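Written below as structure tokens is the structure these notes are about.
Letters A, B, C, D, E and F mark the chains as written, and numbering starts fresh at 1 in each.
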Amino acid sequence: MPYVNIKITKEGATSEKKAQLIQGVTDLLVSVLGKNPQTTVVVIEEIDTDNWGIGGRTVSELRKKG
Amino acid sequence: MPYVNIKITKEGATSEKKAQLIQGVTDLLVSVLGKNPQTTVVVIEEIDTDNWGIGGRTVSELRKKG
Amino acid sequence: MPYVNIKITKEGATSEKKAQLIQGVTDLLVSVLGKNPQTTVVVIEEIDTDNWGIGGRTVSELRKKG
Amino acid sequence: MPYVNIKITKEGATSEKKAQLIQGVTDLLVSVLGKNPQTTVVVIEEIDTDNWGIGGRTVSELRKKG
Amino acid sequence: MPYVNIKITKEGATSEKKAQLIQGVTDLLVSVLGKNPQTTVVVIEEIDTDNWGIGGRTVSELRKKG
Amino acid sequence: MPYVNIKITKEGATSEKKAQLIQGVTDLLVSVLGKNPQTTVVVIEEIDTDNWGIGGRTVSELRKKG
């Protein structure tokens, strides 16, 4: 009964891609750890690039610099 | 001084219901664990059904199948 | 299918109290929001008082001051 | 390679303020714990005042009471 | 630069299994969403079965019932 | 009333360093965003190096390679 939380920047991931990610992560928990898929929960959170920082800079700033 | 994070799918919970949930969870922490309500924080996050997966499927897909 | 994460300071909550809290929170999600208890997950994390701060001080310091 | 998650109420923090917070927290992890800034991630989440509770009340209610 | 948090019950996952899970999740984020693996962070948290509840019962209770 | 969660690898941060980090982060939230320190909560979680992955490798592996 694992719980997985995936945070990514909000940059246009489609519903199809997100569904694929949820399926893939669930499969991994089944194949690697033998978990029950029926109680495996995966939650994706998409974060504005103004609100995500790495190396002390926001992703918005990093994207602008190219 | 507990911190509680509740994640639910975004499917129309009203402000009244959410206020009731916050009050109820705070009361529980007081009655069960003797916590101080004044520093008990409860944060509710509502997640798009495309971004919530269980059993390897998104809730959007599960709702469609009925 | 809600997911609830409760963080408290590690100060001796018994298994019985934690079970009671899990039951109580699950019941609340059923009664207030009509959620399915079978897919409601509650995870309690107990945090060392050295690692919990409020008002800029650790709980370890606050407990010492009485 | 620390990961920092900051949750605040959604009450108009500007991009500039958020960038300043990300820079400040990253600097602290470098100066206090000697962490590598290049792999230090800071994520800010802004929560609706209806969804944040303290003392059993939502921030929306508390703001109304003034 | 995704951040993934995986919570599982503490029931003896080996270092090898956990390394395999970290590699697998990172690969998925690269193949599905085109993310940069170098800044993809995966954190696994293992939770005592007394502290994990599903269906209103702790996993400790559920395991006892067999 | 912000809530801050800091995850770092468990590699010997002292109580003093952690107290300094809690104080520093709280001060930042006051100076940058004008938050009330009395309801600012900071929680530090220290994660085993086997359970932290970056670039698809665990920190345990990365440390061994030097």
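Simple rule for what comes next: a contact is a pair of C-beta atoms (placed from the backbone, for glycine too) under 8 Å apart; a residue touches a chain by one contact, two chains touch by 3 or more.
Small disclaimer: the values here were computed from a predicted structure and weren't measured.
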item: Set of chains whose contacts include both subunit D and subunit A; value: B, E
item: Shortest chain-hopping distance from subunit C out to subunit E; value: 1
item: Third chains touching both subunit F and subunit E; value: C, D
item: Turning angle required so that subunit B lies on subunit E, C-alpha fit (0 to 180°, nearest 5); value: 180
item: Interface numbering overlap (same over half, different under half) for subunit D and subunit F; value: same
item: Of A-E and B-F, whichever chain pair has more C-beta contact pairs; value: A-E
item: Per Cα centroids, the chain farthest from subunit E; value: D
item: Rounded Å distance between subunit A and subunit B, as computed from the means of their C-alpha atoms; value: 20
item: Separation of subunit B from subunit C, taking each centre as the mean of its C-alpha atoms, in whole Å; value: 13
item: Where subunit E touches two or more other chains, by residue; value: 1, 3, 7, 25, 39, 41, 43, 45, 52, 54
item: Chains grouped in pairs wherever the two touch, ordered by label; value: A-B, A-C, A-D, A-E, B-C, B-D, B-F, C-E, C-F, D-E, D-F, E-F
item: Complex contact set, residues of subunit C against subunit A; value: 1, 3, 39, 41, 43
item: Subunit E partner contacts - residues on subunit F that touch it in the complex; value: 7, 45, 47, 50-58, 60-61
item: Sites on subunit D touched by subunit F in the complex; value: 1-9, 13, 17, 20-21, 24-25, 28-29, 32-33, 35, 39, 52, 54, 59
item: Parts of subunit F lying in touch with subunit C, wherever the complex brings them together; value: 15, 18-19, 22-23, 25-27, 37-46
